[in-house]
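Chain naming follows the written order as A, B, C and D, and within any one chain the residues start at number 1.
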Amino acid sequence: MCRFTLYLGPPIRLSTLLTDPEHSLIRQSYHAEERSEPLNGDGFGIGWYAPRIWSEPALFHQITPAWSNRSLESIAKVVASPCVMAHVRAATPGSDVNLANCHPFGYGGYLLMQNGHVGSFRLIRRRLLESLSDEAFNLPRGSTDTEHLFALFVDELVRNGCPVDPGKEGPMDGGGALELARRLSAAITRVLALIEECGDGESSFLNVAVADGHHVAVCRYDTDPEESPESLYLLHGEMYEPAGRSFPERRKEDEGEAMVVSSERLTGDPRWRAVPPSSMLVLDRHAPPRILPMDDSGRLVEA
Amino acid sequence: MCRFTLYLGPPIRLSTLLTDPEHSLIRQSYHAEERSEPLNGDGFGIGWYAPRIWSEPALFHQITPAWSNRSLESIAKVVASPCVMAHVRAATPGSDVNLANCHPFGYGGYLLMQNGHVGSFRLIRRRLLESLSDEAFNLPRGSTDTEHLFALFVDELVRNGCPVDPGKEGPMDGGGALELARRLSAAITRVLALIEECGDGESSFLNVAVADGHHVAVCRYDTDPEESPESLYLLHGEMYEPAGRSFPERRKEDEGEAMVVSSERLTGDPRWRAVPPSSMLVLDRHAPPRILPMDDSGRLVEA
Amino acid sequence: MCRFTLYLGPPIRLSTLLTDPEHSLIRQSYHAEERSEPLNGDGFGIGWYAPRIWSEPALFHQITPAWSNRSLESIAKVVASPCVMAHVRAATPGSDVNLANCHPFGYGGYLLMQNGHVGSFRLIRRRLLESLSDEAFNLPRGSTDTEHLFALFVDELVRNGCPVDPGKEGPMDGGGALELARRLSAAITRVLALIEECGDGESSFLNVAVADGHHVAVCRYDTDPEESPESLYLLHGEMYEPAGRSFPERRKEDEGEAMVVSSERLTGDPRWRAVPPSSMLVLDRHAPPRILPMDDSGRLVEA
Amino acid sequence: MCRFTLYLGPPIRLSTLLTDPEHSLIRQSYHAEERSEPLNGDGFGIGWYAPRIWSEPALFHQITPAWSNRSLESIAKVVASPCVMAHVRAATPGSDVNLANCHPFGYGGYLLMQNGHVGSFRLIRRRLLESLSDEAFNLPRGSTDTEHLFALFVDELVRNGCPVDPGKEGPMDGGGALELARRLSAAITRVLALIEECGDGESSFLNVAVADGHHVAVCRYDTDPEESPESLYLLHGEMYEPAGRSFPERRKEDEGEAMVVSSERLTGDPRWRAVPPSSMLVLDRHAPPRILPMDDSGRLVEA
């Protein structure tokens, strides 16, 4: 089911998220605590935006486990970023471990990653692909449910006229974080409708995050009436202290809040709080986090 | 454009094909001589059948170059097989180097590999997928033209009632080598028709090999009126001598002919001969090689 | 601390050891049960001899985890061997995951693998290397304690005039299994003496296996007065039944006993028995297993 | 023999060195022009310092070829650095392709990489290791001549009291670029003396670069009386224009000169000039490049 961590705020070193905290994402790659299987060793991926976001985000994907990757450890100490997505993968049985299947997935200025599982994926895949515009149809290079969900998300961007290329002002600057959340929600609604139509009743677990460098949307969602969604936590505030050290390190007045969202809490900091089930986190670096409920069909309840 | 070598005959050690000859496939991975670019370093794959063919073929795929792979070199010395496919890849620009894109591709008892390029692939891909039965539609795990061509080939098998699972007598035993060649030809005909309909005039180069362990079909084909197809050679006979040594090593009376087909000649043996353009090699371990012409639409001319 | 499995007997398919049993070595790569940490995901290695042992053993090493390796799964179904070593690695913290550090290690006709840890390794390494003949000194390509122990073992072979190259009759055929066990014991004695001299009191855990294709020696040993050695089990007999299926598959009268040694029992078969602490298993394909005690300095007690 | 490129100057994006120029290092990984074999596909490595050099340099090593690495391409667009070392490897025959053998090698605040070959390496290796202090003796994790040369270089640092850990002011700040060049020269002198003593007359080709983030030393050197050293070029000045674009991009008055050293010229810029044979480039970001001759024993001629 995977584990992920994301960050939006003043630039921080990647190590502050990935290796320094006592329950860092790298630790979660072999000792995850909030799922029955502690192992997320089927490759990893880090996506991050340059400090001033003048380009597409960098994507560092590897099919080897995160816990033993010297390059990851080394790069994390040197690179700083204001918007980071990091993912350690536990491949669904039968799913390949290869580079094209590593999260986060990127297109233009956007990133998406998932901790979850699209129910009845093999049964809906053909219909899902048929529903896509050519631009989105040509996106998937691998075989994961997540990359197909990403294609739906990009399809929603394209259909709604959202610019896909990164620019100085950020790709989503016209719409902002709420627009990003709406597009993610619309993609999920389409997936759920396909499952309703062609599925075999298997539940979906959909903790999904999208970002454009300036804004982030993350949902905690599932369709199982008897089980909770996968775990998801938010920490935000002026200071974030892993292992006794403050970060972000060079907090300036105008840089906005620091926000960390993670499958499991990275530290013992008491300010971590669980994201409610069936809801969407809407994050903007210049505003406090918002949480919007999602209905049974995956739609945002905005009022 | 890649390079490949295949073998059908009495069991031989893989090293006899892959490392011993002076112009072995491993040498062709960095010093190919019959294409302008000598480099085929984007991963490799070896598919081989067990000496008695009681199972699916083994597939050994790696994304690292063949020339430096110690495991490949070591395994090749120890493993013997009566039917081998080996491929070194030169990825089309823009195409990913990952495990799902390595040849040969396998399904049930069958293998397929290509040295070539499906013209206008991105333009026909959507239509190609639409034309497939669900079984074939669910096959591709990567993004290559070859894997999509393989899906068409499997679609042809399924539609014609050919058993896909390997058995004691071999999957194609009812039909034999000619049946295998017909299915490959039918897949190519479908690709060419799609290109005719949706393509932009880009030429296709289609040296494609399929096997079921007992039989092999390989075509040398292109659609460019001004250029020859990629090079392809056949050697067959009682003995095959790379670097002064005889192989197959333990020739028995009833084991049939040894046949090697390769993008480039492995040795200086004068018996290598070029496969004619626009033709299909039809190989059966108990019969001499046949060569059938193919017409402009990719159909076998059998009469 | 790693996990390993080895086999000596009539040729069997590798899958019979590696993937078919309910607690196969591949399962032990993520769900080991007899060590506190269940994870052995830092690469793997398989070494096996050709059915007739006319060459060096094959070595298939990968730095990715065994549980997701499609090539391993596929090769294991097709390859048969009369002598197999298989190892899944849990790297010591600070130790690199790279190809040169994968077990088993090979030289000429010999293989060696370890589940354990040489105490004070960094402190004795310099003296250990100084003690080697040039042939053994030039052996290590990586940085593990095990590869240095292997260099000591090869040093013992060379100093005792044992032929290193594989031959038709097998490299150790003059000496046999007992000779192999003596050389392994001598290497361990040298390591223990170095630790005694330069170490800092850290305990050693030395479950080590060596093979020449015809014979195998495996010890279960440690130097900690308060802890048992790592777990180690032996199964031998006419038939070995994983998951309800008999193997070796084609038992012939003259092929000798089947012997499996494994860090953890592969099956629920009641004939598995624990190897006693401080002892050496001496295995010959034409004789019943022998177990010899080892004294405090690692010497075999033969009388 | 490998190819390398290094940079010292105002921070630039890595892509400006690695991918944008028409004859970039990535192009040199498959189409090197100034050596007989154009291929440098045995892995690669990038080492770079953070924009303000408050830590050890990052090291990104991969055993796959540089030309197909999507992560490299992506990271290079986003990361900026004032001091970069980049290397594409052509492994000496018989040398392993694995992570521990990738250049540049790092220790504390230092990096070293080589394009060349230590003559008679196997013959001098034992004596070379014997000559090292324990700190340097424990450094090598792989099997290359270059990593052993790096151990000699670190040995020289340690013996001369140079601080190894990176600090705010840079590790070599007391000594500066000339001190760095002296240490490299001393290491080379020791290698050449060992070859003189134990070698078999094989020539050495030693284009070697070392850096501490603030300073760089690079030599172009060989011991063959009949052949030139490997090619090496320097470009420096206010502007450096690959493919029509100026870089460094945001030139400020106080940031010092931009200096690029490369095995082959990255661009058609007429200011590239060949580094003379038997000489050492001494680079400081606040001073013009100096070139010092080296004598037959590898010593700097400073007067």
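The rule is simple: contacts are C-beta pairs under 8 Å (C-beta built on N, C-alpha and C of every residue); 3 or more make two chains touch, one makes a residue touch a chain.
Remember, it's a predicted structure, so these values are computed and weren't measured experimentally.
Note on C-D: across the candidates A-D, A-B or A-C, the interface recurring with over half of the contact pairs conserved by residue number is A-B. Of all residue numbers used where subunit A meets subunit D, over half belong to both copies. The two sides are thus made of the same residues. Distance between chain centres (mean CA atoms), subunit B to subunit D: 43 Å. If you average the Cα atoms of subunit B and of subunit C, the two centres end up 38 Å apart.
Along subunit C, residues 63, 70, 96-97, 99 each make contact with two or more other chains. Across the complex, subunit B meets subunit A through its residues 63, 96-100, 122, 125-126, 129-130, 134, 137-138, 140-143.
Of all the residues in subunit B, the ones that touch subunit D in their complex are 30, 39, 41-42, 63-65, 68, 70, 91, 96-97.
Residue ranges on subunit C touching subunit B, taken from their complex, read 48-50, 55-62, 70-71, 74-75, 77-80, 99.
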